[in-house]
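Consider the two complexes below, in which chain A is the common component and chain B and chain C are the respective partners.
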Partner chain A sequence: MVLELQKPRPIWQIMFSTHHTDVGLLYLITSLGFLFLGGALALAIRAELFLPGAQIIADAMTFNRIFTVHGTTLIFLFIIPFASAVGNYYVPIMVRYKDMAYPKLNAIAFWMIPPSGALIWLGFADFTWYATPPYSIISAPGPAADMWIFGLKILGISSVLGAINFVVTILKCKHPDMSIGQVPLLAWSFLSSSLIILVAIPTFAAALLMLLTDRLGVSGFFNPALGGDPIAYAHLFWFTFHPEVYVLVIPAIGMMYEIIPRFSRKPIFSYNSGVFAFVLLSIVGFSSWAHHMYATGMSFTEKTVFMVGTLAAVPASAMHVFNFIATMWNGRIRFSTPMMWAVGGIALFFSAGAGGVVNSAMPLDFTTHDTYWVVGHFHLFVMGTIAFGSIGYLYYMFPYVTGRMYNETMGKIHFILSFVGTVLVFFTQHVLGLYGMPRRIFDYPPIPEWIAMNQIASIGAMVIGVSMAIFLANMIYSSGKGDLADTDDPFGLGGKYYYPFEAKNPSH
Partner chain B sequence: MKWMLGLFLVMAVLVIIPALESAFAAGDEPGEYLDRRVIIWNLFFRMMTVAFTVGAVVSGTIIWLVWRFRESHPKAKPTPYEGTDW
Partner chain C sequence: MGGHSNWPEWIYVGIVIALMTWVGAEAWEAERLVEHVPEDVEIIKVTGQQWFWTFEHEDGTKEIGELHVEAGKAYKFEVMAKDVNHSFNIHDYVVLIDAIPGRVNTVWFAPDAPGVHDIQCREYCGLIHYNMRGTLYVEEPSS
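Coming up: the complex of A and B.
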């Protein structure tokens, strides 16, 4: 592993490098930058909703812009690039290859992210991360909407290039002595999610083009005034973005598969079931997209098919949870910071999944559709599972990247505050949804229960905000002045690592 | 492994069958009267009963695991894999 910060190099050497750890470092820094930007917008949203009426945001349009960019940033500019960072660092070493299969393509895929991030942030569109038609094609103000569309288009190309690279690296460049059944589960998670990307993203790429031509007035695919159908966009969007949920969550589970056996001092309970569950999730991810559209007038049979298709993800998810629990059983677990994040992530993954089961039942979906229940549910996934797995892994890889140890006490405080904050915000939002509060609203009537629950959620968000400030301070301070790490075994756990320090790949 | 498969099957039946029953209860014929509010909340409570029961078991197991198998527990002992290249 390359110790990026222990031997300082000119920044341009890293920026123009195609070495997998350099590109990984660029992905890492970029994704963390966007984590804090998107998180700041989340705090603004929660501060606004602390009480009914306008609080800190001037009007509903600005509020819409803020939550649109918040969602777009954290999904496309934090979670996906962070996973790419981890994949870039570890996949080549895990499959024992000198680099990614196409190093230049890898660098190009990364360098598409900053301009697309700039387009999204400079435009600050207001039509939600779903780009809701027909509003987005008829009256969403330009050039913000067009900038968002181009930004997403570039990000899609970047994801496809990255996915091709991971698939080829894992399948074609792995060491000849290594069978596919010996590839670590983290690399398997990248293989699964990359295959999903390759199948899912082109549909949304087409939808974005259609959205753009609709906005330009040369077509009317989604414009009812011209005979188009906004529901068609919903199908195209969710055909990509329900599987995309698995693109986000599968690498995070892969990261937990690295952390949990390591800190339990045991091998994974069942490697095969982990692989099987990844493959199963990749397939059933495509059988559930229309559950987002129960309320749009689909036929009863269609709804039933998609309800069952959605429930098919439950066994695969349960296999992962069972695998984690069985791995920890009879272990000698060291609860260092990465392990705390991983175990917290499992608990919240299960809670989010249980909410999803309720959500997928179509009669219940009608009561929770477009309420804060949905907001609580998917945030519990993206924050409680994906971000927890990712941040845990960041602590895990920190000594390898920097050659120094982070501050363990600050890491644990970060976890505890984030866990408490996450439960306060997102469990409360589930209940708020059952009380009927719609999502995506700037103001709400002064119903005492709504006010109380919004205040609990906002306080939870502030707790997460404090924890993230501690995290930032820890990362910055420890990168430069933390204790030097024993890079062979930084956590003092013993045993074999997939990626000993000696395994670093030479620079080009 | 067979008992695990059986357990998954039971859980799947517990979750899917009630959902399907209520989903199909409406039928396709016009004129049928269904109190949707009652049906929906009945389904909700049944599914939440399953979810909370399973959730309590899994969460309880995780909490116990965390407490029992931590390295500072008095009964903690090295795993057979420590010191080996597993």
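Coming up: the complex of A and C.
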């Protein structure tokens, strides 16, 4: 794959480079690799649940390991590195600086990801992505559990280093002629999500260390047998990971802010409201973490506080949706592949948010909590919104990164199949949750409604699988043999105005 | 904003805020009613452990995996766990509360009609979590 136009280079030169587009390419390829690995595990899970009884997975332990590594991989090794890839390519160019603020730190942050990925995959832990004690302390088999803890520890450090770099690049390295109010919304999204990381991650980093020493038996922070409290872990975990969901979604929204106005051939409806909503989300995102813990025995008052905190964040998310629709309104829209992904992503973002409101209403959550409803809810975000925005952006940057065009028909088929598949899998999972099916189960009793819904979901997953195979073929073939792209106007929008930023560094 | 007027967005945000306030108020009111425990509840002690439920009635009788109660009475569950976290769930009656070692969580319900319902564990608890199931038998009132 050619990184910068007319400059094919041997792979090791890219690997040892600290230049932002090189590091961006490394992030990109790594994250896509993990997308396919994690996706393969998802297909195994769905195949297993197609019918009651053991299907293709031999035993419950293997199943538990598979969904644990599936979730960990796609969140930490696909979504986050993919956002870093986009940030590396675009943020320095958007703030008109020659590179990231600290290029070596940038490369180091990237190079922490492969070893953590290896720890997670070679260990193959079984304690779910929350690693909840006391299970994770007294029951989860090592060394898998310990390797997972170390893997996440390293990923946390990598995230913090990356976040420092983005904050400094945007605030300190932007061109002196440029005011903060001129920084494009994609860069604002990285500023907001990086600030969340800096506040949120250290809490989980501490919890991980405590978990490790608890496992080693030298402490009992979360171990009730030694006077500790498992609920303390839940608070520390969710204090990091509710805000973290905004870390995942905000860059994807930022990517949509690049795609939607260009393909609507109109300026963004309101830049200010986009900035405002990003900043607001990154603040109120910290007021809702214990909405994951309604069933842990919290008092009525505590539950109320966290419900209000959760509902308070909804208007900020809703403002983005409004901004997108108002931008498309009366636009000369061109539904090229990136635009289809972005618009589909917005539709699913809206549906996902509606389900989130149901979860946050305390009495309703006792129906949905830890059922397949929750699995459907957050997959509409992580797959329907974040992966959709990211894949749309990948198609959008493809001609700039490779100098070639992807195959448009295959891109559209990829979108249509993925959209249909996503609706089939995750809407059905909401229904499954209402029928009471718990999440994280290897097998289930032959209740007719459960079987029917599981089968629809599994078929949907296979549809997504097929679409991803088409995607892979398109990317591999087109990056080497696709038509040469017209880098002034690869999408035929008619005019340079629509391409203010290119992934090609001007200083080269 | 480029100087254009932004009133549609303000109206929209206003509607979203109003909707969320309504959801919050309704949820608050419903939860308040749900959490109001009647005076004459019978206590049932529930213990979760890998991977089954045990029940102890007020009169000392114990049951494993099955629970027998009478329609028309109110019951309060005192839920505990022996080893790792579990979550005690009777989906048909929206009974859900985590069973956490070192704590006693409570939840109550009043089955209205005789019938058979599933009991399950809704918090991941390891190998046989998928089959940590039981059955609730709601029987005709005895008197």
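By definition in this document, the second predicted complex is superposed on the first by the 487 of 508 C-alpha atoms of A that agree within 3 Å, B and C clash if a C-alpha of one lies under 4 Å from a C-alpha of the other, contacts with A are read in each partner's own complex, and residues count from 1 in each chain.
Operating definition for what follows: a contact is a pair of C-beta atoms (placed from the backbone, for glycine too) under 8 Å apart; a residue touches a chain by one contact, two chains touch by 3 or more.
For clarity, every value in this text was computed on a predicted model and none was experimentally measured.
Partners chain B and chain C, brought together by superposition on chain A, clash. Judged by the touch definition given at the top, the superposed model places A:303 against both chain B and chain C. When the shared chain is aligned, chain C comes close enough to touch A:138, but chain B does not.
Counted by residues of chain A touched, the larger count belongs to C, out of chain B and chain C.
Using the contact criterion defined above for the overlaid structures, shared-chain residue A:354 touches chain B, although it does not reach chain C. In the overlay built on the shared chain, the residue A:318 is in contact with chain B and with chain C. In the superposition on chain A, A:494 makes contact with chain B only, not with chain C.
By the touch criterion defined above, A:181 reaches neither chain B nor chain C.
Looking at the shared chain after the overlay, A:224 reaches chain C, while chain B stays out of its contact range. Once chain A of one complex is fitted onto chain A of the other, the partner contacts of A:448 are absent, as it touches neither chain B nor chain C. Applying the stated contact rule after C-alpha superposition, one finds that A:436 touches chain C and leaves chain B untouched. Once both structures are placed on chain A, chain A residues 267, 300, 303-304, 307-308, 311, 314-315, 318, 322, 357, 360-364, 366-367 are touched by chain B and, in the other complex, by chain C.
Every residue of chain B that touches chain A in the complex is listed here, in rising order: 4, 8, 11-12, 15-16, 19-20, 22-24, 26, 28, 36, 39-40, 43-44, 47-48, 51, 54-55, 58-59, 61-62, 65-66, 69-71, 76-79, 81-86. Put simply, chain A touches chain B in their complex at residues 264-267, 300, 303-304, 307-308, 311, 314-315, 318, 321-322, 325, 328-335, 343, 346-347, 350-351, 354-355, 357-358, 360-364, 366-367, 494-496. Interface residues of chain C facing chain A in the complex, by the touch rule stated above, are 1-2, 6, 8-9, 12-13, 16-17, 20-21, 23-24, 26-28, 30-32, 34-35, 50, 83-85, 87, 89, 91-92, 94, 96-98, 100-103, 105-106, 118, 120-131, 133.
Every residue of chain A that touches chain C in the complex is listed here, in rising order: 60-61, 64, 126-128, 132, 134-135, 138-140, 224-225, 229-231, 267, 269-273, 295-297, 300, 303-304, 307-308, 311-312, 314-315, 318-319, 322-323, 326, 357, 360-364, 366-367, 369-371, 436, 438-445.
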